[in-house]
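Here the chain labels run A, B, C and D in written order, and each chain numbers its own residues starting at 1.
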Amino acid sequence: MNTFGTLFRITTWGESHGKAIGVVVDGCPAGLEIDEKDIQKELDKRAPGQSEVMSPRKETDRVEILSGIFEGMTTGTPISMIIYNKDADSSKYEKIRYLLRPGHADFSYQAKYGHRDYRGGGRSSARETAARVAAGAIAKKLLEFHEIKIIAYVKELAGIKSSRMDYSQIYGNNVRCPDKNAAKKMEKAILKAKNEGDSVGGICEIIAMNVPAGLGKPIYSKLESDLGSAILGINAVKGIEFGMGFELARMRGSQSNDEFIVKNNKIATKTNHHGGILGGISTGMPIIMRAVVKPASSILKKQKTVNYKTMKREIISVEGRHDPATIVRFPPIAEAMVAIVLADHMLMAGRINPDKMG
Amino acid sequence: MNTFGTLFRITTWGESHGKAIGVVVDGCPAGLEIDEKDIQKELDKRAPGQSEVMSPRKETDRVEILSGIFEGMTTGTPISMIIYNKDADSSKYEKIRYLLRPGHADFSYQAKYGHRDYRGGGRSSARETAARVAAGAIAKKLLEFHEIKIIAYVKELAGIKSSRMDYSQIYGNNVRCPDKNAAKKMEKAILKAKNEGDSVGGICEIIAMNVPAGLGKPIYSKLESDLGSAILGINAVKGIEFGMGFELARMRGSQSNDEFIVKNNKIATKTNHHGGILGGISTGMPIIMRAVVKPASSILKKQKTVNYKTMKREIISVEGRHDPATIVRFPPIAEAMVAIVLADHMLMAGRINPDKMG
Amino acid sequence: MNTFGTLFRITTWGESHGKAIGVVVDGCPAGLEIDEKDIQKELDKRAPGQSEVMSPRKETDRVEILSGIFEGMTTGTPISMIIYNKDADSSKYEKIRYLLRPGHADFSYQAKYGHRDYRGGGRSSARETAARVAAGAIAKKLLEFHEIKIIAYVKELAGIKSSRMDYSQIYGNNVRCPDKNAAKKMEKAILKAKNEGDSVGGICEIIAMNVPAGLGKPIYSKLESDLGSAILGINAVKGIEFGMGFELARMRGSQSNDEFIVKNNKIATKTNHHGGILGGISTGMPIIMRAVVKPASSILKKQKTVNYKTMKREIISVEGRHDPATIVRFPPIAEAMVAIVLADHMLMAGRINPDKMG
Amino acid sequence: MNTFGTLFRITTWGESHGKAIGVVVDGCPAGLEIDEKDIQKELDKRAPGQSEVMSPRKETDRVEILSGIFEGMTTGTPISMIIYNKDADSSKYEKIRYLLRPGHADFSYQAKYGHRDYRGGGRSSARETAARVAAGAIAKKLLEFHEIKIIAYVKELAGIKSSRMDYSQIYGNNVRCPDKNAAKKMEKAILKAKNEGDSVGGICEIIAMNVPAGLGKPIYSKLESDLGSAILGINAVKGIEFGMGFELARMRGSQSNDEFIVKNNKIATKTNHHGGILGGISTGMPIIMRAVVKPASSILKKQKTVNYKTMKREIISVEGRHDPATIVRFPPIAEAMVAIVLADHMLMAGRINPDKMG
């Protein structure tokens, strides 16, 4: 399934070395002002080639809107967006065509489909996430009307933790970290790994602010389920936690329970261990989640593997212009997916009119 | 949405203090032998009142099959199962009707629906999970034909870690732990918390063995997404991780990548840091995941809260026969949800005939 | 799939000769006043045994609500309803166990599932529609708030056409016909066929009034698609048409186009050839559709058929207490399905708050 | 919702006067040989400008495949196809911008969305169906492996009935009719209406051959429901019937029931009044359905209408290069939608492997 969402739905398509990638956004109400610049701005945040810590690929990632917008406004019909692939160099993949790259989807795709586009990651490439970012830009615009804001940043990288939370810093450094000092150390750690032909992992924290109380569905569309599904659907993510997350395993109920209080005549909680969600439904407190992003699988360092045609063991060194720290490009993708889920839930809870902007 | 799954679908219903709870299982092929005993066996694993570390409630949880089975075999039509509520004591809830229990869904349900069944947890009660376990029993039966086996156990509780992995022990102790010695310590920790009117949290590990390579859909129905959504949809779960999970944040690519090898003429990996899933698709290695279960919110200990009718602050002490360690009853629920997801993906991948048993 | 709908969803289960049948209604907002009498009233309209023109079976069809209602109001959680099977006589089916009843689903179910409940129609029995009527009763209640009213009646039976449209007559005769005189003739025709061991077919017209303009989704959830799917999903229906329907094949555009006019300061059309739907979206004019219901397949008259076990030809005479004119019991089922579709579209168009009643 | 299907899913997008239209096909197994010529061939069948009885628009309708095909074969990933709009002349729509074209979706779209692309039909234009035909071409290829063949033709036009069934004639005349003589009369009737600034309607019959017994799901995904929903989702369709259809209203059960027989050691029926579907499930007999297509709404003839801005009455004459008989271009669209539904049901019934071609 390449479609995600219930009322706000996205359908993505495209391979890293094919002609183009794209997305169809369905369920955006009519009357939302949007143009290509709104989309491009988000895409630029995830584009490679911005610094030494990223892949030097020059993907211009120029988005084009093909439908659904008329006279600067959405019409309620599907919004189709396309990004042509330009800087795709497939030659390097020819020689490792039958070698299973460790940590990659090569083997599982082969087992499933028998036939695959072996150039780059094909459909499993991180490039596909550009389409999600484009869709997320529309979801963000929609949420802005309700002052819902989503921020994602690198919380930890190669064991280095961010301790200050200065959001204004996030796009002021090369590693999307809200802590200037930690950012410098992270950058060094990435370059060190890169020089050794290796890669590093990290943790991204995502916060959604001003989400009204009452979003989410009990049981199977709990906010944790839907946000979890969205984030775990991004390449390289191997875990997600909400609020205090795994720390809760070592807490007592009397510690983890958040005391209810009255603040500005509204019910709130004193602490936010629950991360803004109780019983699967938002409480009005900030929604907080963290995702772990594994180190990039594509590394120059030599690794042992198997040639699935000969079934013989071989040595592989994955050449190409890879990211030594994919986590650095992760925040805008996470923001996009969270925006899509929240836009969907705002629609499902009747907080946004599904047909036309209020 | 109270329906979960694509081809193998479950729809649950019922409140903790209503007449009954139940589930409709849709999409099970015809010709599967099943009777109430198969279901009851799984339900008994999650029943309360089995030891001092559990709630003393006596829920007999007697399941009755109402449709979809004829002459001992499924017919391909929906299987409806019902469990009547017997031992429901609502009196204790009357006096805390307007008090928001910290850590509970009271406030978020009230914000969403305006009107709710305040007795017990109503729909948000853990009791609802009995219906999932009943559905999971059918999924398990279906998976058995393909020798897929799912095991869940308590990996960590109140900071105490299980270090031995003797699966035969799991149901030999009161805390569902595969490590006899750790189990004793865990039991003590629970009783200590209980005596102090408090509760503890923990981590449950779930392993699915013999899952064939090739299950899962790239992009939005990655196995991690669907398993994650299923597990995060269980009460009290606040995080999930696959394979090495959050540890990956501190690893290098050269460490985390699993080397491909040939074993018994089949491609496998030497290590299993990826937890049996690459690119969202199963690799044939065991699928490994861990979920964090927060300490039970219902505690006898006094907590400050708000009366949402008067908007005044009050003190609450949640009386009733609560579980001091809900994690102890979690493993069969986790097994059920994982079985449901895998049965669904076996059907979606054409590995199980959707109409009739092979 | 035994689930129908997007936001307002019903899941039905049960066989004609099993323990019970039932339905789970998901997506009804909280705060709707409803009790078993509201449901029973609708069920009574489709119950057999009301006159000589119906099956003499005594299905009391007593509905019981098991969940989702608290203190007389919906809570937003799934509403489970059950109807126990009482008057099921399976003995007559034993001797025709392997004979394929002409016009029945015996062969196609056997081809699909290999294994089936051969007693009565099993899952394919018209009895299953009682569950839909129960669900429809809730949808109707929901629509009443918006003054949307649905009326279904027998328009034609055994070639006899209803020419007067006196809605007050519909439940004043045994054949659910708004034309008193036609009703008498229809009744005679049924009894004649019955005496000859035969059955008759007919056409049911359904009208939905006060549906606001703007419901429906262009392209694949056009109102015609969704209403068509719902009505064609009822047993014995073999065709549906909207507005002028098949007559349009012989009309010119200048005749079929409905002139737009202004009426009470609102835009309307002078005629209603389009049946209240243009471009798949409601126009505010009454929605009009007609369904053809084939003559009941179960007839006493001898028919040639095949024994699928011996593959030999045999003669069958389908004994039992069958309806000679199933169309007579069709209107309340059609009303229910139309109500369910419209409630779903009211929710999808944001005209009904999905969480709580206004 | 602009997505249709469960396992074989299509998502279409685009407006008649926008940059392009397109479709994403999801769920096609890997390993199916396909190229642009296979798609183009189907598109050419519905292209306008082929004769005097069609719109003289010159839509070259050149399809381009953007993803999902590698080395001539599908990869199991989504297939994105695009058709650029070339010959779009919007000038004529400027002057009727606020006039509601009778029979068109102008008013209902305006009521729903408030904002719309008024040029041509925008999203409600028949042009959108080109995207469905492209998707249908892939479904057809998939069905060919199982020798399932779908044929659609004009059965009736302007009251003239086709009486011979010579399938080889269908694309040998301008009106897609299997009866050469009737075709000539139909052509004359169209030209007469065209000269009078008017349009005509008709009936299209669609037959699916070699569909195996056992497709379809009882209750809500009956083949009639899903085929009905698909066909009723095509512009201008106002009714559908299966087998004997509306004629069944005047038949007795003893006449309409099809006698079961044994033919070539397989169970079949002697007649096919049921149109290949019993209990919602295919019987192995040809599936037969008929759809009524209303006369085109766009006519040159003067009609009275309303200007929705001034709310004043005005006279409209819809200029432009319109089809006087849209039914003539309908058969390939109907074939496409039926192919999509059957491919979906073949997958759902496990008759086609969802991951890779056998």
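Brief remarks on what is shown
The definition used in the following text is that contacts are C-beta pairs under 8 Å (C-beta built on N, C-alpha and C of every residue); 3 or more make two chains touch, one makes a residue touch a chain.
All values reported here derive from a predicted model rather than from experimental measurement.
The chains that touch both chain C and chain D are A, B. At the far end from chain B, in terms of centres built from Cα atoms, lies D.
Taking A-B and B-C together, the chain pair joined by more C-beta contacts is A-B. The distance from the centre of chain B to the centre of chain C, each centre being the mean of the chain's C-alpha atoms, comes to 38 Å. Measuring from the averaged C-alpha position of chain B to that of chain D gives a distance of 46 Å. Chain A and chain B have centres, each the mean of its CA atoms, that are 27 Å apart. The multi-chain contact residues of chain A, meaning those touching 2 or more other chains, are 1-3, 6, 12, 77, 112, 123, 214, 218, 349, 355.
Residues 6-7, 77, 214, 218, 348-350, 353-355 of chain A are the ones touching chain C in the complex. Chain B makes touch with chain A in their complex at residues 1-4, 6, 12, 100, 102-105, 107-109, 111-112, 123-124, 128, 156-159, 193, 198-203, 213-222, 224-226, 228-230, 232-233, 235, 237-246, 248-262, 265, 267, 269, 274-275, 277-284, 292-299, 301, 303-306, 308, 311, 313, 349. In the complex of the two chains, the chain A residues touching chain D come out as 1-3, 9, 11-15, 18-22, 24, 26-27, 30-31, 64, 66-68, 70-71, 73-80, 82, 112-117, 122-123, 355-356.
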